[in-house]
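Sharing a structure here in structure tokens format.
Residue numbering begins at 1 within each chain, and the chains themselves are lettered A, B, C, D, E and F in the order written.
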């Protein structure tokens, strides 16, 4: 099986669903990551967008290597992501590239903009996956993937439908997140906790809700022809 | 695995979740049915409550025999079901009797009263299953069953979370429902369709949503210590 | 056509739906009022429950006379109304008595208890109207009335679905409310506005929303066999 | 009275609201259809967008002729519809062209993108109908139409507020849908049922809910100055 | 100012809102605790209801002493709490006893029954506080307290509206909870985490959401005459 | 403290939140107003967009002068506002210009388009306030303002979370609104009440709900790092 995790920024995957990806990997499935932005703007640590992007893409590649995932960068500007034909095309390409049975992505109701747009556009293009006349560069695919939304930052406005126990891969998830070294100072500008700390508190809380030590939480997207199959979750 | 379906009236099980029960049976699980009422009041076809109840219990036993299910009648008055200590006790007894891994029951937001009360009280007693001092007649059990709500009459106010494909057991489900012969005239008093017709339209519609010929639809109950495991659905 | 308005207290009808009743009356329909309590407890102006009830029932009769409505008092204690078999029976009786095509009642999600219970129990007994074995004193009826919920006190938590323009009967509605003289001092204990003032502000606001001078607002109850017919509203 | 049905694709009208249109026609009203796209992309049966569009527009004209409706094609690309100034202008034009008392359109929460965008933009331009400086090519109109949303594909995520009984025009509706011959193979790529089958199951289910044989279901849009008048429904 | 925290079981206060109580205490306010049950049934550690209740009441008194709170036990049976006239009367008494400006109580939508009933009945009796004819043993009071709901077990189904930073009293809260020694073994029957662990994970998670180290989360109850004043929160 | 009110049109501030601004002013805080459009299109009273905009900006300046507020015009076309990079940039500029501790803005779920877009984009750019590489012309600021949504036109679809008593500044608010003389004829095209009348009815209704004579109503936006502090409301 192929599993594609799509996120708005480098570190979204590691924060929100890397545990689930690692469970899939453990079960012998192929895992893919696509990022709509390389987080090139939302940082005050660097002097140029290019410098940030270069740093963050490298961090993402390091994290992906650790997890055994392939990565595709869509390279839109962050903090300004919008629902454009170009973004839709890039996301269709990414989905066709991964040929997934399961897609994990940000929640469209996430109060954080880039997350919401990423989640919304992925949902919007589901019907475009099989069409040969769709504006896209990758050939159509004929799978009907299940789409699950992972949580929002620190769980605000998110009531989970289903959980995945990630206890036995949690340490590796944490290591993968730790690859995003550039994010540890920056986040302090507007947040009270550092990223590893956020991870620990959130995943423990979801674990507590789910009845295990560490968990990740999801909601499902429902669309005619693409109804979620909960049994595909690890 | 043991699966317990609880309903408010004889025929609720056959209308709303018998397909899922039959799938469980097919997979080798034990199936149990408990009814909070024997539908002894909500009918104009008979002269006494006793006569109706006798007729309907026999119909339920016939349906259960066809499905290979055990039945327990709680025998509260229908059309007047209320959340009382007696009802809670009887439901705790029924759950302990079946010792279930999965419970299926009416939806607490069902606009039909007896259904709503049945769904609500089953949800309310989940935490009382293991307690040895709980007012009850059956001994405590130590399972943490997953609880799923089946649909409402003709789907009003019900947005499904998950579906079960019942195509290959649909004919048997229909036969089981057909055992409830007393319900075919009576329902015409206030409904425009007969019961088999309702079944056919509803299950085809749920099948259409789910991407199969016939389906049943469910929502999950979420409670600390009793979180739903979607993988237990057939 | 027969229209039945059910309320928790004397003055509920006049506050929430008397305009709509008067429109029905204007169109030649018969209008009925039933009250679950005579407001015998929730007042500090009188020394005994009996004294309050006597006063308030007389006020209600005066208001009803002005409107041309028949009244039935169910006489449960207010501020303590509960969903009991006795209340259900009394409400079934009241509905059968009025033999209504349309029922108007408090909203079951009203944060005020007596209102919520009244709205909930009326909804709960809809399926019991036609049953001859149902515990009741009035004979079964075979209508399938549409049920609409009128607003909550000062509109808290209430998003209307549909409005009735009551501009041309507003003055009469106000006169009817003014009959409830005992309520004008008492309400001041916990409210900042007197009752006529509340009426004026609320009905003007609903009128503003609806695009007329004065309006009343409603939501519909949906139940298989008793689906709301919006065209029955005046 | 003029009634305008707006849809995202040829066949949306026939699937979701043609019965209601035919009821209006039966009552002597004028009916109009506007389509935001000609479905020129979301199909694998043809080699070019132009070929599909030509075929599908002809099918739509045939269906409209059968129903006695006028048609306006807005000709945006499907599977990529976005909320742009051009789409808003074209929709304003279409509304002004039809000068409607009632508008029927896709639901803005439809999980299918083109549907959602069409429903959202129609809602968004309501306030622009009367403005003479609004960017548009048709002259302002001064009606305040009621706007109703018809259902989503196979009813996913849609809880109806109101129903229209279409039993006596259902056969004609089905014939109109059958004009869309190009959609019968294509839909099989990702759906398990063909279009006439979907129609039959869905309209029977809505009929079952409404208490008739076949029905269509709607929700209302609420906006100051454009509040829905349920009595305008047939 | 007087602040009253009402809970369903000994330890509810300490788990859900003791931090907020301690903040009030710190600010010089008087704090009161009332419990609808003494948790006399939902435990398998003891042989009789009386033994459990005695033990748990002592634990609660120890915790309250530590916090500087007065306690009132209403002593209904737990795991079977129902909305009865007796419970309403006891809760009215408790509120009049504390004469509170702020009330904190369980959430009426809590999936745990005793919690839900406690939260619902407290909300239901708000209008009965000032009435002199209300069935009660304590004299009427004339305050209009703000009512806030604290969270559900491990936050299931609870989206907070407002948070209280409890960082500087967290250690004392934890000590107070630790007084409930009887709850540490029992909870293990159906839960994966012990109570102090649950506290730590939940309060850290709410702190993370709120932007501090430890927090408690609340929703407000809205009722005419008793609207919540958020500024009364510490 | 600095408080910034953002609106879609001249008069939005005066209709929806000027009372709250005036309370802030009264308390010695600085108040700022930013408008995404100058209402240059949605009017039939003038012959050109420029003429309308000039008139309405002058009216807004007069109103602001009366209130003691500074104003910034973003000058996008109204009735056609869309979520573009230019709008986002202009809003980021406006926020950085005012350097606010509290932001008040239209509700993103407002059924009126320009309002919804304004509310949505303000919410979307919150995370962009501190970033030095963000496309913007004003320098980054390091405050984490609380964001509150004020009501929708005539309150449709809006359930308030919190109220501000504006009784003692209501007359001044009304005077400020009266400065928008151009809006008094135009609104009559599609509305039944003039603007001062609307103000009076709405603010009295919100006052009635809140327990005072006149009030304004708000909901809060919740985002990690920018959680609302209700105590900052006047």
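Going forward, contacts are C-beta pairs under 8 Å (C-beta built on N, C-alpha and C of every residue); 3 or more make two chains touch, one makes a residue touch a chain.
Model, not experiment: these values are computed from the prediction.
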{"item": "Labels of chains that are neighbours to chain A and to chain C", "value": "B, D, E, F"}
{"item": "Identity of the chain that, by mean CA position, is farthest from chain F", "value": "B"}
{"item": "Which of A-E and B-C has more C-beta pairs touching across its chains", "value": "B-C"}
{"item": "Farthest chain (mean CA position) relative to chain D", "value": "E"}
{"item": "Inter-centroid spacing, chain E versus chain C (mean Cα positions, whole Å)", "value": "35"}
{"item": "Chain centre separation in whole Å, for chain F relative to chain E (CA means)", "value": "39"}
{"item": "Numbers and ranges of chain B residues touching at least 2 other chains", "value": "154, 156-157, 191, 209, 211, 224-225"}
{"item": "Category of the chain touch graph - line, ring, star, complete, other", "value": "other"}
{"item": "Complete list of chain pairs which touch one another", "value": "A-B, A-D, A-E, A-F, B-C, B-D, B-E, C-D, C-E, C-F, D-F, E-F"}
{"item": "Chain C-touching residues of chain E, taken from the complex the two chains share", "value": "83-85, 88, 123-125, 127-128, 130-135, 140, 142, 144, 221-226"}
{"item": "Contact set on chain C toward chain E in their complex", "value": "40-44, 46, 48-49, 52, 79-80, 82, 111-113, 116, 152-154, 156-157, 189-191"}
{"item": "For the chain D and chain C complex, residues of the former touching the latter", "value": "161-163, 209-211, 220, 224-225, 227, 230-231, 233"}
{"item": "Contact footprint of chain D on chain B as seen in their complex", "value": "154-157, 159, 191-193, 198, 201-202, 204-205, 208-209, 211-213"}
